[in-house]
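Just passing along the structure, written as structure tokens.
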């Protein structure tokens, strides 16, 4: 409850540590005329995992897209700093080269390209990460299907491919949008395993997930959005423990 | 009368527009355009553009074959002259009906698709009409020579009232001959009526429904609402406007050529509408006038004219200015047209009316500021 | 039978031209999402690369010979081609082969024109409506053709077929029919071969190079490609240049078949749009298939036997087929869902 | 282009502004037609007279149109007493003295017909209604000529058709206010038939490709009749759209049709394109029915010959006139035109020039611009010295009767302009026909009032 009050009083969450690894300060973004992200701020330390939660339409995906610097929604105001780099001045491809990697909500496996081409594509631009051998070592299912067209894979496999494609780039900050969405429970477990592995690697991550409990289990800290604004910022465990908070903002 | 009721702002627009149209022979003088042939074109193509705007401006369906209905109207009117009577009224009625019938047939099929697929379907139908009119339909259309009157035409109704004269008869209105200025004023009156009807359509519930089609077709079809009958109605109405314009063309000059159905003619209608300002009442009319003016007057400029225009310049300079300017007039008028299009589209995406609006915003006089405010309150009100 | 074969060749030959033009148009639409009404103008500019090149190498020095008189009694002008002064015998060969040689000129010129067009104008229109794109590129097409008219005049510029390729080839004899049964102009066969090679090259480029893969990915999902750190805009600019080159080369090689004038582009514009839409907006294989299909159908519809059956069919076949295909297959032969339907 | 310099409407508004308009007397016609005021349409009131030259500057016949304009400008120059006078000294009538027409200086306005009836009528109406033209000339497409001729009849303005070769122009679509100096398709057939029979033998099978409009149809009809009279058989007649550009789909079927002669009823750029494309198909080197395959182009001009290049060699056709003719009129005109433009005049230029002179002469002889009198002066008028030998302007259909020249593409041109050779001349008597065969009626003399 104290954390909640803090946000309410000052409008921003306060980080006690010096120069955070990734800092979002007061960003405002629009889809055309509609004002979606209305002054969101938070920090993440290196290797930390942050769960970005909220109800449908709270602006989670829009926030992630803004951080990845996609054209829509357009960032009108605010700053985004990654390890001393002004991300808010970049376009999507520059942000990617700077190390921000978004795994989009619907995976966005590219039509007409094989599994392997989807992976190679990630290594065309400067700033490549894992090579194909290492990826296939971690994802044997993708190795089996390397010649198959990416969009013909099952949902779980597509999610794997999307994550693998992100790993094919040199990641400083991973943005995961609904990694479990629409997957069968067995597959969810499998993806959970992969995300745990990523956590072991110490990659700084922001995860957006409808399944708040699953996300909170993975995360160190949590930020809850409500109608485009930060409603809560604190530790993940606290959200798990605080039923009232969960009820009010997450409807669980 | 209830039928004549319109929002006050629209009535003012209508009144001003009426004055502008009816005084054309005066204010067009300094522009060298005050001769009947061109003024008739001004008002006829204004009707065409106003009608096209009912389809494109309201529903967003971009027809690339509207010239076909213009051509159908012309052929119908000339046939009415040939078979029945030289009176303008039956000719116009038949032209409107035939324009509507063709629009119904083509629209019924084309409206099964949307977006550019709709555009290409209308284009394909218009090109088929054009090519057929040019070749195998020659018995009906007289092909490349264009359909003309002959002294030996039956003219059944006229024949009842008296013998044909020695020469070719000319179109008439209830016995009065329609030449030059009479024909212009007939067209002008028809334009004003058409304009008024279009204004009514714009503010009617039907017009609102058409606007809704434009703003969100998919949402409307999700709600189970069938938009096609409305779009088809708009298509037929604009086809009738085109047929009417075609009929008037035949009245001012009793000849119907296949070229007026060609895709370039359809493209010209689109350009007129967009150039002036899609969805506004006045915009398409201005677009039509601008293009017809460029086509008829600009294209007839020549170096001699330019030398007189620039005669105030020193000799050497004059030569150069005339040399450069001559590339933009006469045969080069298309260059001017292309540049005007590009400039308008680049800098004034809403067409010329957008420019007018910006000018008003930049110099808000009392009345226009009030008007702007009213526009904001009622954004759907037609300009 | 022989007649059918000859007509088929003619259809393939026409189809090759349609497919080439539609291919470039589809490349632009598929990558940039821009409806480019100036594409026909690029075809025309390509043709005028050949015209300009030939005009350059056939420049003549004119001297007035006062001692001789022209047929109407003025002093006679004596003309000597400069190419022969400069290059000797090679000059004559160059003049003879001016059309194929001007391909070398057309490639860099068209690439530059394409890139300049995209950077200077088209890029500002990505987010505007298709109607505005059509209007501005249509305006550009008019401006380009009028500029060509200013420099080259309104009349067509005949370009010769190189001497070695004049006349007709006995295609029938090649495939074992009676000699003279099926003959076809040699240059038209060259054009067909050329279009097949260029189409093949474009497909191979897209299929087998990394650049091509990136472009294909960008056509399918521009946003995601950007998320992977690729500056897709720059590659699309280059693709626009390549599309301009394809259109330009189609124009260069077409000049001996039809003397180009400033209006050439407009004549092909509507046709190429019909081809692209029939193929399915944004589908490259669709554009090529539709190009050949419509070429062959148009050729067969022009046969007297067919015309006797359905009068006037040769005039409308292309549009009729377009209507039927669009009604039966809502997105054309190979079009994707949701493209350009809004 | 220099011809534009004087091509100004005396009522050009940009020059004078509103005041000028009022002064020149245009404004009274604003509200009442009666105030058009004179006894007939556009009666010249000042010290100038305006002629309107309406020619195709774009489209399939643009080459011819440009050459017509050159000739019109030259004619105006000569009428106004500038230049060397061209054919005026050789003309059998001596009314033209270089002081304009009836003492009024000749001015002219020009327009582009775009080879389209609609555009041509628009352009002609502008000349009549705004620029006050008292005579319209031009053409280069029979369809356009007929459309404009109809308009001129209604408006009461004389139309001196230039290049139009369809039988209909002075046949079923003839008009009292329209006159044609050029020959027609029927005369082409009469002239060309015997020549083809003599050169290629009686046992031939012909395939026609025909431009799909009035000129093409009548040419096809006339040439078919003339060749069948020589014992030829017609295998097929195929209509092609005007301005098709690529004719290959129509030429391909010729190869296996069993024909041994291809007759191209095409003109202008269409003729150039179909001829060169037919030659690319190897038709000239082909054997059919044991004979050498031949191509015929019924109506030929030297502009087409220049455009078609080698393809034109040894191809037969007919011409209204050719610049290498050796009579005094032709020599004078060619010299005058060549000196001004650096190239010889085409047949289109010749007929345009002659028509302008004939109109001016008729006005002089009538002593008035009043159209009915001018028409009567032209009807059944016999003249000479304008390049075609003794010529009659027949009153019953307003068609000129004179010798018809059969020409052939030269195998070895001695210079870039020497492309055709006159191989035969069909006498005026042989090409004269009964006007009744084409029907039509001329209509009244009464002047329309614009």
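Letters A, B, C and D name the chains as they come in the text, with residue numbers starting at 1 for each one.
Following the convention adopted for this analysis, contacts are C-beta pairs under 8 Å (C-beta built on N, C-alpha and C of every residue); 3 or more make two chains touch, one makes a residue touch a chain.
Since the model is a prediction, treat every value here as computed from it, not as a measurement.
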Query: When the contacting C-beta pairs are counted for B-D and for C-D, which pair yields the higher total?
result: B-D
- request: Going by C-alpha centroids, which chain is farthest from chain B? Tell me that one.
  value: A
Field: Centre-of-Cα separation between chain D and chain C, whole angstrom
entry: 35
Task: Return the distance between the CA-based centres of chain A and chain B, expressed in whole Å.
output: 55
- prompt: What is the distance in Å between the mean C-alpha positions of chain A and chain D?
  reply: 78
- prompt: Of all residues in chain B, which are in touch with two or more distinct other chains?
  reply: 131, 134-135, 331
- prompt: Can you list the residues of chain D that touch 2 or more other chains?
  reply: 57, 241
- prompt: Which positions in chain A touch two or more other chains at once?
  reply: none
Contacting chain pairs - touch in the sense defined above: A-C, B-C, B-D, C-D
Field: chain B partner contacts - residues on chain D that touch it in the complex
entry: 1, 4-8, 12-15, 17-18, 21, 27, 29-31, 33, 57, 109-112, 116-119, 121-122, 125-126, 129-130, 141-143, 146-147, 150-151, 153-154, 168, 173, 212-214, 239, 241-242, 441, 443-444, 446, 448-450
Field: Residue ranges of chain D touching chain C (in the complex, touch as defined)
entry: 57-58, 62-63, 66, 236, 238, 241, 245-246, 248-250, 252-253, 255-257, 269, 272-273, 276-277, 280-282, 285-287, 307, 309, 323-324, 334-335, 337-339, 342, 344, 415, 417-418
Of chain A, residues touching chain C in the complex: 68, 70-71, 91-93, 96-97, 101-102, 104, 108, 110-113, 117, 120-122, 124-127, 165, 169
Task: Show which residues of chain B lie in contact with chain C when the two form their complex.
output: 62, 109, 112-117, 120-121, 123-125, 127-128, 131-132, 134-137, 217, 263-264, 267, 270-271, 274, 278, 327, 331-332, 334-335, 337-342, 345-346, 349
Task: Mind listing the chain C positions that touch chain B in their complex?
output: 35, 121, 124, 128, 130-132, 135-136, 138-143, 145-147, 149-150, 154, 266, 270, 273-274, 277, 281, 311-312, 315-316, 319-320, 322-323, 326-327, 330-332, 340-342
